[in-house]
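A, B and C label the chains in the order they appear, each numbered from 1.
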């Protein structure tokens, strides 16, 4: 694939200096089951962070909390210094934001799912322009031409009028990436985006993501089992176990010289 | 606050003056529901099982009967029984029996679709293993298939039973004094409309709920016997399919 | 007793007229209305605050669990008649029109409760990923329903909605309760005048069968086809 110009979709807002994402004392419980407890970390603007760890270690939950797909049980998440779902009130009490306030900040975040989750009742191009038209208020023509160039960039320029269900898994996932990028997100969350794909289709999807990584400064949080890909695109890797970060470092250091015993075992099992 | 709970005097006097007639109407409605339901159940099981035999003729006969009674409207069937069959067959006029037969045939045909659906829904492996054990047909249905299908068919039969209870109001059209016609008669005789209609409205609701709760209990027990946790099944789709 | 073709010949046009002018009109209009109402109920049950949604569910269960003939009587004689709308008519035709309207409303309400259940099934069959994708794209709740959920739920519910419409069709003779001149009541009249019911009731049954059976078959095929 030629290297496309994705730079015009790069996000620029926010004051430099404030981290893009802050998790502060984050807690998530499902019933009695505590998934995250007292979790804190920061992600800088433009930084690409890969979350690794055994299943059930809370990686996906972190992405879902950021996307407001799960409700925060405790603590705070900040995006560009602004609270996402809960804020500390003046009296120090933790209060939930109103849905409208949440919606405003959520717009800066996009997500690509393991199961693509394209809307089967819309064509490929309709999938992509749906949110730009109805959330960002773009005109249909404007959204369409942007969607077309995105489709070109993910190598599906001629499939716009087709039904998503007629595409292969890899093609569907590339459409899903284009759909997320059409919202010009500052933060892109990638939740095991190649796990549901046949092995021969993984390459194309990762290729598209590499291009996005190389040509934009979108902040990315990735959960993936593709360690080579993680090594190539991410600035930092965080190893999770039972809801805690047990080790974090640059990818080269993490993969070639893991410090923690759990990390060593995990990497041995997966590589 | 007290006046909120006071029943208007008119309602009390209406009830006092007419409760015996209303009770008589309720009795007819309950009779039609119970006997109509029982007949419908027997017909449903017979037709449903016939649809699953290996005799093509039996399957076809069952199919024709079912499609005929599903397709021709309960009221038309009732009128045929009431106005045509006494002349053709020379039996007298027995409105209660006719209503009961019409309900049984019509809802029996609907029910047979539910029974057939449940028998079909028993996993294929279960049918195959009965063949592997060389069981005779009756044994395999009675011992293996039926207990599993029974739990599956009860939710659908439950919905149909509620519809049958409502269907008993066809009594109105042939001069049977069921709950609907009694309240309509009382209204025509000058009783307070909202009260007499309202009373039978509530009685129908309670009756439908009672039948539904009763069948639900049987369903839970059937599920337990299969070692399943009691679950609420969505029957709407299957019921709509059986009715059409 | 024997079959009299002349009665059948005379009855058929009258019955067909009543079928197309009343039975079919009531079925079609009430089906469309109940499909719309059912959708509103289904969305309302999910989106309204808990207490309100419980009230709606209770009202729907009252409507669903009581007989249509009784509901027709209540609507016509206890609710509408006291307003004078039924009696202040200039002609019998107008009076009957108004009864038909009452009939349509009652049928639409009763079947909307069943169709609401069909939609609910359709909505629940939509995978949670669809809701999540809508959230991830920041689609407003309203737009999510309109563009994502309803079209998919509609598709899933369609065969079931069609089946309820067929069931309603076969219930239209209940309109006899409020003396609406639909097909079966016409049949009854003709039968009474000729002292012979076999012809008219056979015709009535056949018309129901001929109209409902192919539609039912269509719905059964649709059921297998309409899956994403």
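As a working rule, a residue touches a chain if its C-beta (ideal position, glycine included) is under 8 Å from a C-beta of that chain, and two chains touch if they have at least 3 such contacts.
The model shown is predicted, which means the values in this text are computed figures rather than measured ones.
If you draw each protein chain as a dot and join the dots that touch, you get a simple line with two loose ends. Per-pair counts of C-beta contacts peak for the chains B-C.
For subunit C, the chain whose average C-alpha position is most distant is A. The mean-CA centres of subunit A and subunit C are about 47 angstrom from one another, to the nearest whole unit.
Each chain gets a centre from the mean of its Cα atoms; for subunit A and subunit B, those two points are 54 Å apart.
Here the CA centre of subunit B is 20 Å from the CA centre of subunit C. The part of subunit C that touches subunit B in the complex is made up of residues 1, 61-62, 65-70, 73-74, 77-78, 114, 117-118, 120-121, 124, 159-164, 166-167, 170-174, 176-177, 184, 187-188, 191, 196-198, 201-202, 204-206, 208-209, 212-213, 215-216, 219-220, 223.
Within the complex formed with subunit A, the subunit C residues making contact are 127, 129-130, 132-133, 135-140, 143, 147-148, 151-152, 155, 228.
Taken in their complex, subunit B has these residues touching subunit C: 67-68, 70-77, 79-80, 83-84, 87-88, 162, 165-170, 172-173, 179-180, 183-184, 187, 193-194, 197, 200-201, 204-205, 208-209, 212, 234, 236-237, 240-241, 243-244. Per the touch definition, subunit A reaches subunit C in the complex via residues 67-69, 103, 106-107, 109-111, 113, 115-122, 130-131, 134-135, 165, 179-180, 183, 189.
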